[in-house]
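Before anything else, here is the set of structures, which you'll find just below.
In what comes next, chain A is part of two complexes: it sits with chain B in the first one and with chain C in the second one.
And now, the complex of A and B:
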């Protein structure tokens, strides 16, 4: 799926993560992460971000993530919202039934 | 109606705020209401919906009755809210500003359709209807009996008083009739009645007075606007040791009367009638649901 516009989702408050999702045509995925727990959970956060991008079929994007200690499902939710906004699509709720 | 799960207190957690949602699970409320409606700005409806979905579907608190409040029936958000809320598998979905039976029927039908599409057990998700206007109040019994999913009506006093052109006061005389009418509808329908919030979070004495009235009128619980209200409200809906002991004596007297084939039974010189027996059974059921092991120890 193609990113049509830049999208920013989330906040810089505690337990949240702010995701900026930008187009990156033909250049693959570039994920930049700032996190207070990067040493401990950086790989897991990037894995969640990558997984959501893959579920939307997004192969070219720049993700700038500013994490404030968000839990996994918060990261997932923020990424899903960012992908919907950036691609101009609604979330596929029926896809959750599989 | 007495159910296994207590619904003494309902606390809202805004879907716009992850820290609020996470912290809300650690207070003592019986019902945690994840909110997609009033506490979420229009620009964040999409993010709140996904946050609530992921929280409830995959990380719901195990010891709470989990509710999702969706946006209004006629809002542009309701269709997608229901898609998300049903698939999140909460205990109940709370519908704001219900005014007509047909509205409740339509929402319940849509929930059934989504449950079916998703391969879920049909009918498992319960529905609470918020009554927040004079129209909703007039039609309360019709709404309460619109569908077997509907297990509670909750009074929304702020919008109700606005619809009446009344002024909201701490004493609450302006909602006294509404409280009684909603209760009457719920009792006749056999569902639970949830009272309106006490808005001043800095007035614990006022909250106590208001909650005493809530309980004495017969409500099953009350919505809280702040975590600091929870323990106060819970205490009013948890039977005291004295009340439990009296309830046990009432039921023992009833059983003794049955054994002796007596038509009328007395306790301390007073006749025990059916309503007294029912109140005693309700008291013990509330105590059990609150985790009190009859005999002294809390579970």
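And now, the complex of A and C:
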């Protein structure tokens, strides 16, 4: 799926994550992560971000994430919202039941 | 070699010969008498004792390169003495000192790091090195030997064995007379108990009392006697009263902390040791203060009175005394302004020597009589080992304080902590730094459940009492799994081989070391 517009989700509050999702036509995925728990969870956060991008079929994007120690579900939800806004699609609420 | 808590430690670290932690033990007979550098020397007239400024006092003490200086940390982050003294020493061009305060609090602008970088200090020993200094140390700050971290009870022992031999002790006091009688109980910058400095005053070669409040002779009350004091210096300001501790530590409104505090008090009240004359130590922080208030209510309902509270004091404990629910308070430290001033107001609130509080090598210490000890922690692992020093990224987050002493001394030691903080789990497979051996921890209390340590000496008794009171318990593994299910399993922090800190236990053995954090 193609990114039609830049999207910013989340906040810089403790236990949240702020993610900017930007178009990157033809150049693949570029993920930049700042995190207060980068040592322990940096890889896990990038894996979650990548997984959500894949589930939306997004192959070209710049992701700029500033994490303040968000739990995985928060990161996933923020990322899904970013993908929906950036691609101009609605979230598939039935998806998780399938 | 591997010590009794499973930590890999070299036999020698520079010139430091490691005595590995070998498990709990009783104090042993020493072969040598107590070491003291105190000399029988007379400072004749008052004018000779009251020095015009810090520099004159430092020079009169004969401070030279490589010597050891000490301070207390009772002014906490409001301390203005340490920086003034170090700045004078730096101006005098004295280098390579060993800095041995009871603890390093987070002093900024300039920080202790600046005095290390300019060569004034090249060795450090304390119970904790919070803040900028700690972060710099774990990141490999250049010192000529690793920092030695000792719990409160171990410092007086190290001084008495001669391992920590102090050339000049600088003792900040909120009131002093021109002969050096001094106290922290009165004056605009009152900090309360000077309990950490008693051992310095009796064992250092030179003792300098620093105050901003000279009172007419004799200073009443007197905490440290003129007979140990060489010089007195008046400076403009010894501290910032707002940062020393304004008012009483307030009761938290955080529901999670209140729940943990309530459960902790429930456990104490359910114990058979909770009877007339029981004793406790709760300490500082949100959970301990709330826990003290709950404990006071339980005590009132039971129609009993506690015999003593020990260690660091808060307004909440003073309140319990005022309500007639607590007969006496043995203060080695005062955590807030109410507790600081209360010593001078109430005859049953007494200032005690930190060594009397926690040093296991004394003929006895007050901890030997303690029933309940409530402790905070950064991490606890499935062996019940406690980390109170380092965060999970390896950063320095706390000090040992009296934690290891209290856990060992109390009949029932209760560790209180939330299972996660942000995304960081606090109940883990293996703590990053082991400060307190799990064998001395009776119970871990979290918002997700209470775990008893089956290997603790009083496990059977406590289990029976909690069962009788209908208090449910879970396994420590359950708490860890719960934490990991929320956060995921953290990737371990990588370290280099360089040892930045040596962590001593209360008996002077090495319980763990902290290695330099590997950065990308």
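Observations on the structure shown:
In this section, the second predicted complex is superposed on the first by the 98 of 98 C-alpha atoms of A that agree within 3 Å, B and C clash if a C-alpha of one lies under 4 Å from a C-alpha of the other, contacts with A are read in each partner's own complex, and residues count from 1 in each chain.
Just so we're on the same page, contacts are C-beta pairs under 8 Å (C-beta built on N, C-alpha and C of every residue); 3 or more make two chains touch, one makes a residue touch a chain.
The model shown is predicted, which means the values in this text are computed figures rather than measured ones.
With chain A as the common reference, the superposed partners chain B and chain C fit together side by side. With both complexes placed on chain A, chain A has more residues touched by B than by the other of chain B and chain C. Once the two structures are overlaid on chain A, chain A sits at the apex of an angle of 70° toward chain B and chain C, using CA centres and rounding to a multiple of 10.
Looking at the shared chain after the overlay, A:15 reaches both chain B and chain C.
Residue contacts after overlaying the shared chain place A:37 against chain C, while chain B stays out of touching range. Within the superposed three-chain model, A:47 lies out of touch with both chain B and chain C [touch as defined at top].
Shared-chain residue A:71: touches chain B and chain C both.
Contact with chain B, but none with chain C, is seen for A:81 once the two complexes are overlaid on the shared chain.
Of the two partner chains, neither chain B nor chain C is touched by A:6. Aligning both complexes on chain A leaves chain B and chain C separated at their closest CA atoms by 5 Å.
Overlaid on A, the two complexes show chain B and chain C touching the same residues of chain A, namely 14-15, 70-71. In the complex of the two chains, the chain B residues touching chain A come out as 17-19, 22, 46-47, 49-51, 53-55, 57-59, 80, 83-84, 87, 117-119. Of all residues in chain C, only 392-394, 422-424, 486-488, 490-491, 493 touch chain A in the complex they form. Here chain A touches chain B in the complex through residues 9-10, 13-16, 70-71, 73-74, 76-78, 80-81, 84-85, 90-91, 93-94, 96-97, going by the rule given at the top.
Taken together, the chain A residues at the contact with chain C in this complex read 14-15, 36-37, 39-44, 68-72.
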